[in-house]
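Down below are the structures I want you to see.
The two complexes that follow have subunit A in common; it is paired with subunit B in the first and with subunit C in the second.
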Partner chain A sequence: MSSVTELRPRTPAETRLLQLAEAQGENENVRRPAIEALRREGLPTRRVEAWHYTDLRQLMGKRLGEESAIEALRESGETVLEPFLHGSSIVDLGTSEGSHLPKGVSVAKSDERSDWKVTPNRLDRSIDTIRALNSAFGANSSAITVEAGAAPDHAIELRPGVGLSGHAHTRVSLGAKAKATFVERLDGNAQGAPSTGVTELHLGEGSEVLWIVDQEKGLDAVHLGQLHVRLEADSLFRLFVLNAGGGLVRYEVHTDVVGEGADIQMRGVNLIRDGQHIDVTTTLNHTVPNTTATETFRNVVTGGHGVFQGIIKVARGAQKTDAKLACNSLLLSDEGDFSAKPELEIFADDVVCGHGATAGEIDADHLFYLMSRGIPADKARALLIKAFVTEVVEELEDEALQYVLEARIDDWLSANG
Partner chain B sequence: MPAVQETIDSVAKIDVDQYKYGFETLIEMDVAPKGLNEDIIKLISTKKNEPEWMLDWRLKAFERWKTMESPDWARLDYPPIDFQDIHYYAAPKSMSGPASLDEVDPEILRTYEKLGIPLKEQEILAGVRKPDEPSEFDDDSGTPPAGQDGRPRVAVDAVFDSVSVATTFKKELQKAGVIFMPISEAIREHPELIQKYLGSVVPVSDNYFATMNSAVFTDGSFVYVPKGVRCPMELSTYFRINERNTGQFERTLIIADEGAYVSYLEGCTAPQRDENQLHAAVVELVALEGAEIKYSTVQNWYPGDKDGKGGIYNFVTKRGDCRGDNSRISWTQVETGSAITWKYPSCILRGDNSRGEFYSIAVSNGRQQIDSGTKMIHLGKNTSSRIISKGISAGQSNNTYRGLVSSHRKATNTRNFTQCDSLLIGEECGAHTVPYIESKNATAQFEHEATTSKISEDQLFYCMQRGIPEEEAVALIVNGFVKDVIQQLPMEFAVEAQKLIGISLEGSVG
Partner chain C sequence: MLEIKNLHARVAEEGTEILRGVDLTVKDGEIAAIMGPNGSGKSTLSYILAGREDYEVTEGDILYNGESILEMDPAERAASGIFLAFQYPLEIPGVATMTFLKTALNAQRKARGEDELTTPEFMRRVKSSAADLQINPDMLKRPLNVGFSGGEKKRAEILQMALLEPKLCVMDETDSGLDIDALKIVADGVNALRSAERSFLVITHYQRLLDYIVPDTVHVLYKGRIIKTGDKDLALKLENEGYSQIIDEAA
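Let's turn to the complex of A and B:
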């Protein structure tokens, strides 16, 4: 396979991406090997299993083929953003600077990437394209630490830099029994700027994290993100992903459960309209006994392309793993499509693992029920769509957060539903 | 939940070292030289007395194959196959082509008897004739007696290495207008049907192994059921690999014309040997308007020994085309053999209201590797499909379900229900599920489930409400369900399938 990719000619998009990466100028020791890897391998096509439903080479070509997009990228300026959650501390990942950081939380520049090597993709043997791109552009790397036992009372919002510095690499570590909420803010009028983000999140023993991804980029934006999570014993990782924007977006979450008693709760809502390509790819990797995980994604598709790939891996000896995964899609128009690939890879015989995937339109019976009670068709429809997605929001059991998320979902539904 | 003892015992009974069909028939064979090249293809074509167009077809496929690469996406681990180290043609010397049953070498007849397929006594098996009555084959001209107690009779095409050695009940089938004969014979006798349908479901260039098969296929069965005819008996083919260092490359083509019905079954075994042998088959089914085809397989190729030595590499392309409206194709498979299984019996649901079904029980033991599943491609309106897959892995085996369900943008009101459950026995095996679900139409309803508990919640509640304890209720429902799959199999294969009936899927994981 690799011999084929080496031989094929570079697409205009690939050439431009490389030119852009070359133009960066800083951190040569990190960027050089990554640029070389990309030069050699090119962008993945659908022949690469991990990118089966997101043909990056073709999709990037559509969005990066124009010279103007590159110019826009250079010019894209800063935008003023209100914090996602009231009272949050803001960390600028472009500069590794934080404002009003709570007690026990610190942010510093990091030289984490200095020993960068080409790493294989988590899903197959091809190279990890997102990590390579992130390093090829990488200007800055931040380290965020939450001390053992610290439990800040407000959220920490992470904002990538803008334009060419919109390629954050972040390492977040929580000490034992620490508790924190993070908001990864992927927002603003990026205007065709490709951005990437790679976060390594480490949960110490008994620690708890609620990680919220708010992706509401412009419809011409390209974002490729990765979140790697390592869970020590008795830690709890909760994730909520909201995709309500972006032109070409892939968000990967890869979890490694290395301590017994750890629990993962992943939830997400993907709202997809025409012109978008939204891909969520996840791994639950259980390597020790007695761990649990639940994962639910709800997708509303009025157009465009939606993709969900999720794998549950249970290693040999990881007995008593209890992991469940569900991906439900509501397809509201023939203009859109949704592809799902929920996988199981199980090497232990005393486990309970399952996945379910559904795709379909609004249940005609439900609609009839509401209409027979005097609710007009369009309102009944809206009600059912809302119920379908907010079900997973309610599972967060945090009223303030629910309020914010539901408001954003409502905005989207009233504009696109 | 770990597997229950009963299940463990049942699986142990069909473990690799219990393989009973591993004997070898010592018989003089006519074997082509090793290697895959144009000369060998020409030789096969000459041996089969084929017309010019067939040879051209084969050679074109070979040209194409030379440009292709072996697929590597399946979860299978095996050393590269040396295609030049295989005999592509091997036939018993006593016969160069299909003959009447009386001419068949008694040694071969004995082989089939030992395999439980006594060709001469077949009517007894079907309850048609008492042992002391004269056989139909002793006087092939008379009308055979009708089946007693409505039990089905089975016509068998027996394929021994590269040739079909016998086809039974041919005359009676002819009366009904049904054509059932070795494909090599059909190429000569019904060229119009072959030219129209061969390669129309699995194109020559479909995939690496199918393309190779197109170049070198030696025999297999051909079935044509004319308009409105319900085939009067079950049809079946029994494949036997016997010769050392050969591969078996069979090709089966079944056509059910408008409103026709046919049920077809196949069985496969091979001798116990230390070397790996290749089996690369292509099966094409065509169902025209209102037709129905039921295709069942009990695959029991030699699986290799406990240490993974020997065994058949089974790379098979099976595909059905519901070409006409209201047509129906159903695949049922019980997979217990082969060192490697690479097999995805699929349905292309082209006609409106057509229906595809896939029922599978795959049991892997020792060091067997199974990567099997199905594709349901919904192209027509109101098409529906159902996938039920049960995988059981034991020993150091790996068992993967891989499946695709897709709906075309214009295919409205399509339905799919998929359930695949796996069960692991022991700590050294693996079970994997890789479904691909692609929905392009808003009215498509696709459901994929991989847990037993979830599907049976209502049934469970029903049972428990009537006083049955939960565990018993689960066993009842699951056993009842496995039986459903087994019952899709025709009677003749029930013996082998019976071994699996006892297997409860209690404790299965997704």
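Let's turn to the complex of A and C:
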């Protein structure tokens, strides 16, 4: 411990996190250096640009009460969940066990840990906050492999453990020309304990992944997740994030495009109500020529706070990059707010890149048009809110998946719209 | 059917007075044409009838079947049988056309205490009306009005009108942006809906539309007031002579 640490008093959130990390029984040797790093560096302050809009010290302090007994967290029971998509194989990230895995897909326990000295978000500190917490909490580590050429018919659903075991480190590798759908299921809630997830996703040449994040945690849950994607030549990474729950949630997606011809399609819907703080932070990092990316997030805010940070980075020499990102927010109440920070950082001169963020209310002309056909005001509003988010869902093309996502969005809107 | 009495209205936000004492009566089954130069208040009148909140009625009243509608919101007016065919129908991405049609139709039926239509019955009606208006069924699979041409949008408005079976149809420059073939299709659609119980308020710049939708009465709106009323010959006279003579006479 350096003397520098003591210059800044520890916040209640930091004290509680260290207490929880120390309470973990396993992986002592792996956890120790991460715990010491956290002890030394603490949580990021608002002066750390990557965390400016999400002040963990303050936001976590409110949510990690000391009253929740560690013993109770150890005993948090299993929840019985239907798979998000019918027929999916389930992988338990708490134990690295898979059930009914399709041919060409394997899961094994691993001793890899999140390397917090790797910071895919360039605006973070010298340590990566989410990775450090993930290691400090002794995340169970799994390695999932999809063999070259394999193309399972059904999705593979990834479920983190519960209670104190809600920390997963996962490496997912796809061989050349493999094609798979993954559902990262962030559900359930252990009151008083945060959960973290760090995933390293590697797409081999010509492979395709559809990655769905379904985050519907309880309104007092804290979750910090990071998905780090590496794309080889001609690979396709499609992402859909649904945030429809959680108290304090940050989901980071950082992509490194290292092979020509790779394509990224990121879509997401954030549904935010009072009491929530939902943050999506992304990096599109293009390092080679001839790669493409589109990114669209749609946010419906009836209260609480939403954050979007998205950067497109184009390295010197990454000519012919075509990348666009958009973040559109529908603000339905004065009680909620949304902070959007789209950025471009371009070092090549022959690229097409664009970014934009909008925020607004329901379009009065649209509302009048629907009402003039006899649709009552509340129903017309609901139709328009749904339409706003449906646009990005429809881009998924897979009708079964659209149906599942729309049903969840409908549930949320009817409860909160 | 409709009695507009000394109607004064202004833009709610900035207070500019647009209508300055409109008096107009439309009988059951009547087709009344409203003509007038740009800026005379024609579109404003149509929006106020439909209940748009951007305008504020400061004096006078609108009676529909003897009852004032000023306190009713647009959805309530629609359910009671008032329909506005928009000059510029809106594109609404993300709202499927069929979902919209069904929601609107059933919301109106519900408001009137009628049973909702079954899906097969609804589909049958849509297909039949779409065929009459030469609307390609593929168009109806798109989001509401999205990617429709100007003529397709106008036909889609008439399709909505045919399905919703209103009592009072207000048509705001339905002829604008239509070529002659599309104009005939739209006019045929309107004429097919003519009945002794249904009235039309046809707002237009040009006499051309009135060759196809023949009005019973023609009213000239100028600076927010009706300055002349006549029969269909008045429209022809305006076409030949322009508005200036009538405006001079009124002054």
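What to note about this one:
Keep this in mind: the second predicted complex is superposed on the first by the 387 of 417 C-alpha atoms of A that agree within 3 Å, B and C clash if a C-alpha of one lies under 4 Å from a C-alpha of the other, contacts with A are read in each partner's own complex, and residues count from 1 in each chain.
Quick note on the criterion: contacts are C-beta pairs under 8 Å (C-beta built on N, C-alpha and C of every residue); 3 or more make two chains touch, one makes a residue touch a chain.
No experiment lies behind these values; they were computed from the predicted model shown.
Taken together in the superposed arrangement on subunit A, subunit B and subunit C fit without clashing. Of the two partner chains placed around the shared chain by superposition, neither subunit B nor subunit C is touched by A:Lys177.
When the two structures are aligned on the shared chain, A:Glu361 is found in touch with subunit B, with no touch to subunit C. In the superposition on chain A, A:Glu343 contacts subunit B only, with no contact to subunit C. Using CA centres, the angle subtended at subunit A by subunit B and subunit C is 70 degrees, rounded to a multiple of 10. By the document's definition of touching, of the two partners only subunit B reaches A:Cys353; subunit C does not. Of the two partner chains placed around the shared chain by superposition, subunit C is the only one that A:Gly374 touches, whereas subunit B remains out of contact. Measured by the number of subunit A residues touched, the leading partner among subunit B and subunit C is B. Applying the stated contact rule after C-alpha superposition, one finds that A:Phe388 touches subunit C and leaves subunit B untouched. Of all Cα pairs linking subunit B with subunit C in the superposition, the shortest spans 12 Å. Against subunit A, the residues of subunit B that register as touching in their complex are 1-3, 72-73, 409-410, 422, 424-451, 453-454, 509-510. Those residues of subunit A that touch subunit C in the shared complex are 364-366, 368-377, 379-380, 383-384, 386-391, 394.
Per the touch definition, subunit C reaches subunit A in the complex via residues 50-54, 73-75, 77-79, 83-84, 86, 89-90, 92-95, 99-100, 103-105, 107-108, 111, 143, 160, 164. Of all residues in subunit A, only 1, 49, 52, 316-317, 324, 329, 331-334, 336-361 touch subunit B in the complex they form.
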